[in-house]
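Multiple structures follow.
Two complexes come next, and they have one chain in common, chain A, joined by chain B in the first and chain C in the second.
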Partner chain A sequence: MTTPLTPPPRKDPLKRTVSPTQPPVIRSRAALGLTAMAAEGRFALQTCAECGAVQYPPRDACSACLSTDLPWWDIAPTGQLLAETTVQTSVKQYFRERTPWRVGSVQLDAGPVVICHLHGDVAANARVRLRLLLDRAGQGVILALPQERTDHMADDPELRLMSSDPHLRRVLITDARHPFAPDLAAALQTAGATLIFAGEPENWLPNPNRSALEAAGAEILPLDVTDTKSVERMAGEIGGKTDILINTARFMRPGGVLARGGTGFARDEMEVNYLGLMRLAQAFGPAMCGRTADGVNSAVAWVNILSVHARTNTPGFGCFNASQAAAFSLSQSLRAEFRGAGLRVMNVFTGPLEEDWYQPLPPPKVTGPALARSVVSGLRDGLEDVWCGDVAKDFEERFCKNPKVLEIELGQEMGE
Partner chain B sequence: MKRQSYDGVVLAAPVTIPYTRYSTETAHYWIARALRETLRAAGLKPTELDGFSVASFTLFPDTPVGLTQHLGLSPRWLDTIPMGGASGLAALRRAARAVQAGDVDIVACVAGDTNHIDSFRKLLSSFSRFAMDAGYPYGYGGPNANFALLTDRYMQEYGATREDFGRICVAQRANALKNPHAVMKKPLSLQQYMDARPISDPIALFDCVMPVAGSEAYLVMREDEAIKRNLPFAHILGTIERHNAHIEDPIQLRGGWTVDIDELWEMAGCGPDDIDLLQTYDDYPVISAMQIEDMGFCAKGEAAAFIRSHDLTVEGDFPHNTSGGQLSAGQAGAAGGFIGLVEAIRQVTHTGGPTQVPDARRAAISGFGMINYDRGLCSAAAIIEGAQS
Partner chain C sequence: MTDTLAQFAVEIASGAIRVVDLTHTLDPDFPVIILPPEFGQCARFRMEEISAYDHRGPGWKWHNIHLSEHTGTHFDAPSHWISGREVPNGDVDEISVENFVGPVVVIDCSAGAAKDDDFELTPEIILAWEGQHGRVPTDAWVLMRTDWSKRSGAEYLNMQSDGPHSPGPTPEAIRLLVEDRDIRGFGTETVGTDAGQGAHHTPPYPAHYILHGAGKFGLQCLSGLDQLPPTGAVLIATPLKIKGGTGSPLRVLALVPGGET
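The block that comes next holds the complex of A and B.
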């Protein structure tokens, strides 16, 4: 049985914060395929396109027929535990600090044998369910879990390290005026977040979200992402206790290039959506990176809510989407910069939201509770890329098939 | 096709350079020392040596090619053996055939590695692609964790206990106490073995080898060369080698020896009962147990009973790893693939000194190497016999 986590005692400011260390990070190019699958929460392995043999560890030629055509296919995440060990000592500092560490040898129903992390609730010789997860080096690894849910199973130390679970963590929602901020706060409260901060720009003006946020236990603090001093002030105040940062700051107006009379709105969009993200990262990033090994409420994730059209534009919101593309590109840089500390960047890509600015667009649209569910489940699963809502999922499928075709189709949609 | 015998080719001049726990020297240094000793025994100058076979993990950025210039050698036959615990036997097989064919007169087979403070960790991190991708990210237990999984499964499957493995370790420690060069100097009791610090369950401290610096060497030559040089020598009765055997086994409970074992004994013209001593590759006792089974000394799964009913010390009825093996003498990198063979050459030529098994004539040696991912891939074995004088 997993021992449930308990809220950590108040931090002693005189004690040294444990420096983050990393599990092994170097992989072959083929093995990075595991990481790519884990980033989206898929359980996929290389499968020979010619003979169908499932391969593991990842390789460059089929071990059954020598074909070099080895696409990644989703496979049944089930298997049989053959043997186990508990590592009590390791020459790698990351594991030395975390022993005992349970490891198993599992024969997948799909064929190969995997050496994998082993959840504490898996019994000897049990049937297991497998997941492909990102570890604190940001690399894809396999974890075997019990077939059935067990009590407090998310609190297992190995699983907890591979997730960004908000349970017992402190979260900052950067824009309390985002129409879905109250839904996010409520979902995080339900998920067990201990503190929820919500940043409010122009906080001398009324905010219709205020009472709902307060009802969800959020503490509202002044924060304007277009003002470096404001961001720095807020980081000075709560940067040392922000474990998860969810950037909801957003400025948007409809229209492509020709629909707009000038560059005024585009400047505002870049100021909030791109430079705002940069200011937040410069102010909060270093403190969060320094606290990724800080116990139960360690810093764990940075979440960006982005339009799915950050990946491929559509002229209805052409200029806004360009600022989203800039933010997306910056998030990739941030992800690489945070990786050494084990701080995860999760991008939640959404289709149109059920709110004023998207009013003219047809359904389906993403509701506040749906976005909040995607954020919380993405954090629990430790994902990097989340596709929220039917439009975003449809987009992703088409993007994977042929990004150029998608670009043409999205351009035509607006012409109708 | 029936394999040709090794008639006329012999092994001589076995050399072990005493191991040290850590060394500030390089692999080049350790290889040079072993090479010098083996050449000195044969009365050869370095420039007269025409065959050179090297096994080492820590030569980087050099290869044996660079070693020829470094050590002033001009061989006409050069080999490198990247097979870890099977390297001694693999070197023997290749060198013996080259000598037999006349491509070379004398081959010095040398293995050596240094052990700096951090070199074991560095060696692990670059050991193999599969280990890097699918082994080390899982607790970074290194070979300890791999063999723990295998030991766990072996115990479940065959009912062996930790005490059974302990008996192998305790007997080897008794042998090591006779070997003045063994790294381990203190007696080991079964109780101490059982009470030892856990490393990776069910593996505990005395199941693990200690990485050390050291080197080993021997010469392969024609019998008439050995007689001319007045060297005690051993004949090669049979050998086998196999890589990545039993691909279908989900976990390794047997090694490649089982594929070729009948051929080994047939070629040697004898059987397990005719053997005076056995040298197994003992990076973990479960692997020695597996070799006792797979080499045919008992049936599969019966090693535990065999160990309980035999005395594995130098004076015992089944002398095994007579110098203390790697478990008690230390694991000097690739030299760990030579330790059993070099000791066996000493034993059958009656030059074993304090660890000599009285009247030892025939020895079986098995090697096992390279945990590429979840199992050891290389296996090899040989039967050798001391010359009748």
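The block that comes next holds the complex of A and C.
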């Protein structure tokens, strides 16, 4: 059984905050495929299209037949632990600070033997379940876990470092007016977040979410992502204890370019959805990046809730989608900028939500609890890209097949 | 005439004439009028640093600001309303500047507004006021004092599920002021010249509709009207010279005889 984490004592103000260090970063281009699969939580390895041999480690030509046609296929995440050792010291600063560190070799049921990190609850010679996870350098690595769930298994030190688990962490939901903010707060409370802050713009207007947020234990604070001073003020107050930031700020109106007549709403969309993200990142990013090695409640993740149409537009919400595309593009820059500190950027892509602005659209639509589940599970799994709901998953599949065909299809759907 | 202006300067310097500021500070948190969300919305006041004695500009600090013509304490020109769209010289840049300085009277509705959020200025109240202070002068500004400017936050718009609740004039009161008294303009301490529930009058938003249709002006989000006498003060309200502008944020000042409060 894993020793359960306990709430950390209050920070000793006389002690220097530990600077983040990183596990080794350099990978071959082929091995970046592991990272890409881990970013979405898939357990996939190169599988030879000619002879079917599963490859490990990633390579440019098949180890059995030398074919260079090596697509990434999902394979059974199961295997048999062959050997293990516990590293007591290392020349790598990151591991040196975190020893003892358990590693092992596992014979996959799909064929190859892999070198992997080893969860503390895996017994000698046991059958194991494997997961492809992102380490704190943002690179894909394999972790072997016990086949069955064990008590407090998420608190395992190696697993904890590869996840963004909200348990015992402090979370900021940036817009308390988002229709799903109360569901997010409730799910985070259930997941063991110790503090939940909810930013509320324009407290001179009623906020129907207030009582539900307070019932979920959220503390409501003034925060308006369109106001630089407001964002700076709030970062000054809670930037040093924000471990997970979930950006729910969103301005949306229906309509493509011609339906709009003017750029007023588009400007508001860019102010909130794009520049708001930038203001938050400039104000909260540096403090969060400085605290990614700060113990049990270290800063760990930055979450953006984006429309799946950030990737390919539909004219029904054409102008809003353009602002989502801008935010998505910015999130890629942020991800790269945060990577050195080990702060993970997770984008949760959704189809239409079950709320007012999408009211005329037919189901399926994403509900508040479904979005909250995706956010919490994505954090626990340490993901970078999450596809929430049937529409988003279908979109992703079609996008991977042929983005141009998808663009044409989506344009026709909305044109009817 | 030279003597009059010299005397005026002396009296301002001596305090015999007081200069009173009737303007709210432009603040990102100051409420603006809220319309149904599918309509276009009034921009909030926003300010971004261009530089602040730093790498973006080492020796100077300055900001870009972003706001609506109708953000904060502001002036409404006739072209703001559909009824005033054909009024000659109805944009802020076309209005003759004599209109920006002139006499002002204040009708105190603060006691009523304290008891009733939907308090309305009626012809009866105006006639009773005239009984005490004399007829509302032709071409004067008429300000409705409610002490609403002392409210802040959610209390100011006072938004409920059936819309905002704040005091304002009835259509009959505005008709009396515009058609019989021929005033220059009408000003309030609330977010608009109309009551919060003004959409339910005939015509909807009667102050906007009747004032601007007749080429009159509006002032809203005024503050400090409790510092003005009922009669005898002079208002200075000079909108920015915005080409084709339907209104403008502005600094509103009153010149008040000393000794009177």
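The working rule: the second predicted complex is superposed on the first by the 416 of 416 C-alpha atoms of A that agree within 3 Å, B and C clash if a C-alpha of one lies under 4 Å from a C-alpha of the other, contacts with A are read in each partner's own complex, and residues count from 1 in each chain.
In this text, a residue touches a chain if its C-beta (ideal position, glycine included) is under 8 Å from a C-beta of that chain, and two chains touch if they have at least 3 such contacts.
Since this is a predicted model, take the numbers as computed values, not measurements.
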Clash or fit (per the criteria above) of chain B with chain C on chain A: fit
Partner chain(s) touched by A:Pro57 [first = chain B, second = chain C, both, neither]: first
Touched partner set for A:Trp101, first chain B, second chain C, both or neither: first
Contacts of A:Arg253 with chain B and chain C, given as first, second, both or neither: second
Partner chain(s) touched by A:Asp227 [first = chain B, second = chain C, both, neither]: second
Touched partner set for A:Gly262, first chain B, second chain C, both or neither: second
First (chain B), second (chain C), both or neither touched by A:Asp135: first
Contacts of A:Pro206 with chain B and chain C, given as first, second, both or neither: second
Overlay on shared chain A, then closest C-alpha pair between chain B and chain C (Å): 38
Touch list for chain C against partner chain A, complex: 28-29, 31, 34, 37-38, 40-41, 44, 46-49, 152-154, 156-157, 159-160
Chain B residues within the chain A interface of the complex: 120-121, 124-125, 129-130, 132-142, 144-146, 148-150, 152-153, 156, 197-203, 247, 250-251, 373-374
Chain B-touching residues of chain A, taken from the complex the two chains share: 23-24, 26-28, 30-31, 34, 56-58, 63, 82-92, 94-95, 99, 101, 103-105, 107, 113-117, 125, 135, 137, 139, 141
Complex interface listing, chain A residues touching chain C: 202-206, 224, 226-230, 253, 262, 264-265, 268
